[in-house]
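The chains carry the letters A, B, C and D, assigned in the order they are written, with residues numbered from 1 in each.
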Amino acid sequence: MHRLVITPRFYETDAFGHINNTVVAGWFETGRAAVFELFADPDRPAVMPLILARIEVDFVGQIYYGADVEIRTRVGDLGNSSFEVLQEAWQKETLVARGRAVQVHFDHATQRSAPLPDEKRKLLEALR
Amino acid sequence: MHRLVITPRFYETDAFGHINNTVVAGWFETGRAAVFELFADPDRPAVMPLILARIEVDFVGQIYYGADVEIRTRVGDLGNSSFEVLQEAWQKETLVARGRAVQVHFDHATQRSAPLPDEKRKLLEALR
Amino acid sequence: MHRLVITPRFYETDAFGHINNTVVAGWFETGRAAVFELFADPDRPAVMPLILARIEVDFVGQIYYGADVEIRTRVGDLGNSSFEVLQEAWQKETLVARGRAVQVHFDHATQRSAPLPDEKRKLLEALR
Amino acid sequence: MHRLVITPRFYETDAFGHINNTVVAGWFETGRAAVFELFADPDRPAVMPLILARIEVDFVGQIYYGADVEIRTRVGDLGNSSFEVLQEAWQKETLVARGRAVQVHFDHATQRSAPLPDEKRKLLEALR
């Protein structure tokens, strides 16, 4: 599991006085950087062989400005050419949001999904 | 069904050259304003009796800078105290994203979910 | 002068109940798209020969959620290789923010500023 | 001087491949939290007696995804009812942006600017 600490920013609040819900999608993307790094090609940073197919977020509790949030990220089920990323946001020892993302391994040359190579599969297993 | 036209903004792109995925969560929130208006109390704008419980987004195609996007929003299933909002994003006659949100009718005084009154139920039915 | 209508989005508010100040920098960038278009090379969209050197924003009045904002954009002084963009944000017939941006004409091949060609100068003059 | 470390987020990049300029306005607001804390009333978090009157940002160099940015914030000139905040963004030992903000001490009850009390003046002096 990967842990990332986020300090909420004032501009991330909304008129209801809490962190706006849509901000959490951005925080979870930021947590998934730990997964993206496994696939990044340092010679071609703009060509990541991953596509985001789906996100789900459950908003479990209010998120407040003024206290850090921990984003916990781990890999879930591995398919042939896709995998699941499971995430949680915790603030003051309370679970405040839960997320699930489906990432597809993608070959930009053929514009098709591509089987996950064993080497990447092992790296993903280590993040479960 | 409610239709909202969004002109993508340059700062909404990312280094992959398209609109960043996390931006779509914000566009869908903006489309749901048509639903929020049914519940807003003009005398107490900061106290909206709705809570967002869950969002799902399926990213069906790339979204490009330089062409308008239409956000289509309609109400789906109505429960006792919650309801579903179903959304789509279309660009150049192509479906690029699909969303689902679960909104809970909430009583801030008791801090509990509250049954949807018939009056609101009728307004929601009109948006199906 | 170019006019762009922006409908404030809920996630652009902050806990003070108004539109967050930092959002205005994004709206003004969006208004400057009218200038960027004059320089865009359709064959190389990711290589814009302009660099933003400086922005200034004066926050003149509160900006509220629930009413459209008009962004007015015009070109100001033209230098040898740079130019000024002057902007205003109006809501309900009230000036709410004023902006100034300095854009530098830039040659990515030599990594240096480059004189504004007469052809671009004429296009900019038309936006004054 | 106050120092804040920001790890750039992927959604903060734009199609030019760098961090979008408008993001810097948000990072500088986040750095100014060190100043806001001096004025916050824990009993009334939504009523901060400060108004942002003006921001200026000079974009000195490209800001890249993949390396931390340090935001340095200090108080500049103190006026009767307003003060200057001077900021810098550094990435890999290079100055990449410089900012200046003018904050006005504001009395929400009378809706007017108000002289800076000596107690606040001392706290601000300590951040110069």
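The rule is short, and it goes like this: contacts are C-beta pairs under 8 Å (C-beta built on N, C-alpha and C of every residue); 3 or more make two chains touch, one makes a residue touch a chain.
All of these numbers come straight from a predicted model, not from anything done at the bench.
**Student:** Fewest touch steps from chain C to chain D?
**Tutor:** Between chain C and chain D, the shortest chain-hopping route counts 1.
**Student:** When the contacting C-beta pairs are counted for A-C and for A-B, which pair yields the higher total?
**Tutor:** Looking at A-C and A-B side by side, A-B shows more C-beta contacts.
**Student:** List the centre-to-centre spacing of chain A and chain D in whole Å, with centres computed as mean CA coordinates.
**Tutor:** 29
**Student:** Measuring from the mean C-alpha position of chain A to the mean C-alpha position of chain C, what distance in angstrom results?
**Tutor:** 33
**Student:** From the C-alpha centre of chain A to that of chain B, how far is it in Å?
**Tutor:** Those two chain centres are 22 Å apart.
**Student:** Hey, what residues on chain B touch two or more of the other chains?
**Tutor:** Each of 10-11, 15, 17, 20-22, 26, 29, 45-46 in chain B touches at least two other chains.
**Student:** Report the topology of the inter-chain touch graph, choosing from line, ring, star, complete and other.
**Tutor:** Contact map by chain: complete.
**Student:** Can you list the chain C residues touching chain A in their complex?
**Tutor:** 10-11, 13-15, 17-18, 20-23, 65
**Student:** Can you name the residues of chain A that touch chain D in the complex?
**Tutor:** Chain A residues touching chain D: 7, 9-11, 17, 26, 29-30, 33, 36, 45-46, 66.
**Student:** Would you tell me which residues of chain D are touching chain C in their complex?
**Tutor:** Residues 15-17, 20-22, 25-26, 29, 45-46, 48, 51-59 of chain D touch chain C in their complex.
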